[in-house]
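Order as written gives the chain letters A, B and C; numbering starts at 1 within each chain.
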């Protein structure tokens, strides 16, 4: 009977119900959209923050060098999809025109063979995306030279530079000039293999830098893995915390010891936490405003239906029954509006993500139940005062027009 | 001829004030089962207020009210609502049907708040007041007289102890008024207890008793006993 | 008479008044809060990103010109400290750190040293991990590699030999930075100047430029002119990423604000429409007693304006307060109320209330009074 009353009542008051439904729809779409944003912003902004370059560095453990052949295994760890790029470095001090110059061997864009998978192309473009190279750096024979060194030595694009390492000499063409504002400006960067040959250190590197997508540290992340229970450890291992990824890197690069690059990691964690927090706060504010908006609509609704409430009371309906009619109505409306709001919200977030970050966000199925839940909760919370108003309607007054 | 009268409503020194204003200034009255009692009085005399109190729609500020032997004055809102659905049937001047429910559904609504919805029983009740052909019409598609008849069927469906009617023919034309009053006569015949507030002296004489109210006090209580046969 | 009617109309139906004002206030609050945050976000993010370290270096020009013998990793020229001090107090400079570089001898080995003002250096490089404390009395901080190499720990003595002077110092702290400092020794700037025989000189200035109002490159060019014999170098790693990021976060906030704006205004419109719809009877009554359509419209428009202005003002205040709370909670700094938010909030509130009130009024005004007065 109640449902019959509610649905017939809606048909009778179509306009008002439509307005209420729209109110829920709007609130829910905003909430769903912000929720989607909140759940994904870490990934999206985290990816953006990779423009700051490598956040993990690996140094030799118990020896002078790291074994280059172990690098391929980086794409086999549990978090391999979070390893966005890496690059090995072999740093030697050679002589150029009787002057000691640091020569770095590394990859610009190098294909790493991964068993059972297509090759993975990586190099300094991933771990040092800010390198501003005038000219180009082809992987074959050419080198790039730091801008300060270039000016100092008078070496420009097209000239040849003679590098002398302990008697081994090689003359290489300069194909590009690098300005980075860092140490590289006074260095020569050459293809890794070339430098390895020059220094007679085949397959060896002095450092590896890795760019990994991580999840900001929270209290759980900071726990000492040795003190965790088996289940806790599994959760920790399977979360992309910096510490867990570093552990996994150490497991595969046995000749090296990995550490987070504090400069990048600390700033990144703080930043991501703040952006997330900001979105969460906007979400909460929207949620509260939504609740109050529902309250005013519900209040107007109750006001309008005073006579009807009086009739029901006249028929013997008690407070609980009156309250349940309105609550039920509003919960139904909120779920309906919430569902469509969810669809609109997800679509909005997709648009927003493409517009700002160039790629859509993963909607996450959890958003639907959470949106519906929040919608219903907002309906209930917003209804409290109006329902109290409904309960307080004096039947004698409204039925006799006194 | 009935010699023993069973009191169905017992009012003792009922007073009602709204803030500073005293509407009822001490009403002591017994109303009897099976009788049609009319209450009359000028505007502001408190007759509607008195009816509201007897309908359990409002609570007296002071005094005792017993319906069917049950003391009402101490009841909570919840208890009052439950008592109301068992004991009284209300009929209003403005009919007060739910505008978007059919005649049938309006009666079923009363069943819902009482016990169990029974569509057949509701249809029967409407047929009894001559609205068998109007079961699926909404109030908007019925005349005033028809709406009031639905209201009467609704008031009767849960077999209440008393029927309380507030100027039931106030919004109706002569022909429809007659129809409605006829129904009340039949109900009186069937043994229902009826308490009616009215403006019209004509209607006032139709019942078994006439109570006159002025300024919140009873000015006359007609205690005549009529014979059971009308 | 009009004002009396207006006043009465608003004060007698307290419930209706409250409902309308709350509805408008909520919408206006969201508008004001999100607009304020959006317009402040660039500055806030810019400040946050300073945690990545300096984005600009001021170096001596002499580095670049001509061929010079000597180690590539020691800088060759100097800037005058007093010239460097001239740029302190520039509003776009958030942090500044003077650095003097050189080499000294420890246990017969050449070690790189840096002279800095420790407070400045720590502020501009917030990720530096210092065990122990900031040195006083000519004591030093050593990089963790140096600690390993020379087997030194806190409070142990260390002797530094410069060109002309020798310094008997104690290890006041051990530092881990992930950069060159790990294999260097850090001293107070004045101490270093004495030790290296470079009084009043610095090798470079590390600067964290706040890029809210100015591009880092342009700031560099500006500062070059202020410090004689200098050239500015943008630290690409920091500056390049920041530019992209600022743009995107700002765009993100603008979109969120737009979304919130649309939803809030529609929400206000909806609630206002609901409340006005129920006053058709009233309009019928007014017409029946002889009010003209124009007068009725005027009254409702005036009411809508009252709601718009009061709700708009309240929403503005609350929204600004809320933006402050968010700003302080997230970024630990307060937000500035951009002037445009005031007319934007109140204006939107009024316009929306007008539009929302107008349709039902127009409908009602065109209906015959008898119909609305007949009662339901």
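Simple rule for what comes next: a residue touches a chain if its C-beta (ideal position, glycine included) is under 8 Å from a C-beta of that chain, and two chains touch if they have at least 3 such contacts.
Since this is a predicted model, take the numbers as computed values, not measurements.
Note on connectivity: the fewest steps through touching chains from chain B to chain C is 2. Set against one another, A-B and A-C show the most C-beta pairs in contact at A-C. Centroids built from CA atoms put chain C at 72 Å from chain B.
Chain A and chain B have Cα centroids separated by 69 Å. Computed centre separation for the pair chain A/chain C is 21 angstrom, with centres defined by C-alpha atoms.
In chain B, 99 are the positions where the chain touches two or more neighbouring chains simultaneously. Against chain A, the residues of chain B that register as touching in their complex are 48-49, 52, 55, 57-58, 77-78, 81-82, 84-86, 90, 92-94, 96-101, 105, 108-110, 112-114, 117, 154, 166.
Remark: chain C residues 15-16, 19-20, 22-23, 26-27, 29-30, 33-34, 37, 48-49, 51-53, 57, 63-69, 71-73, 125-129, 176-180, 233-241, 244-245, 248-249, 251-252, 255-256, 259-260, 263-264, 266-267, 270-271, 273-275, 277-278, 322, 325-326, 329-331 touch chain A in the complex.
The touching residues of chain A, when paired with chain C in their complex, are 15-16, 19-20, 22-23, 26-27, 29-30, 33-34, 37, 41, 45, 48-49, 51-53, 57, 97-102, 128-132, 148-149, 151-153, 179-183, 185-186, 259, 261-267, 270-271, 274-275, 277-279, 281-282, 285-286, 289-290, 292-293, 295-297, 299-301, 303-304, 348, 352, 355-357.
The touching residues of chain A, when paired with chain B in their complex, are 1-2, 4-5, 8-9, 11-13, 307-308, 310-321, 394-396, 399-402.
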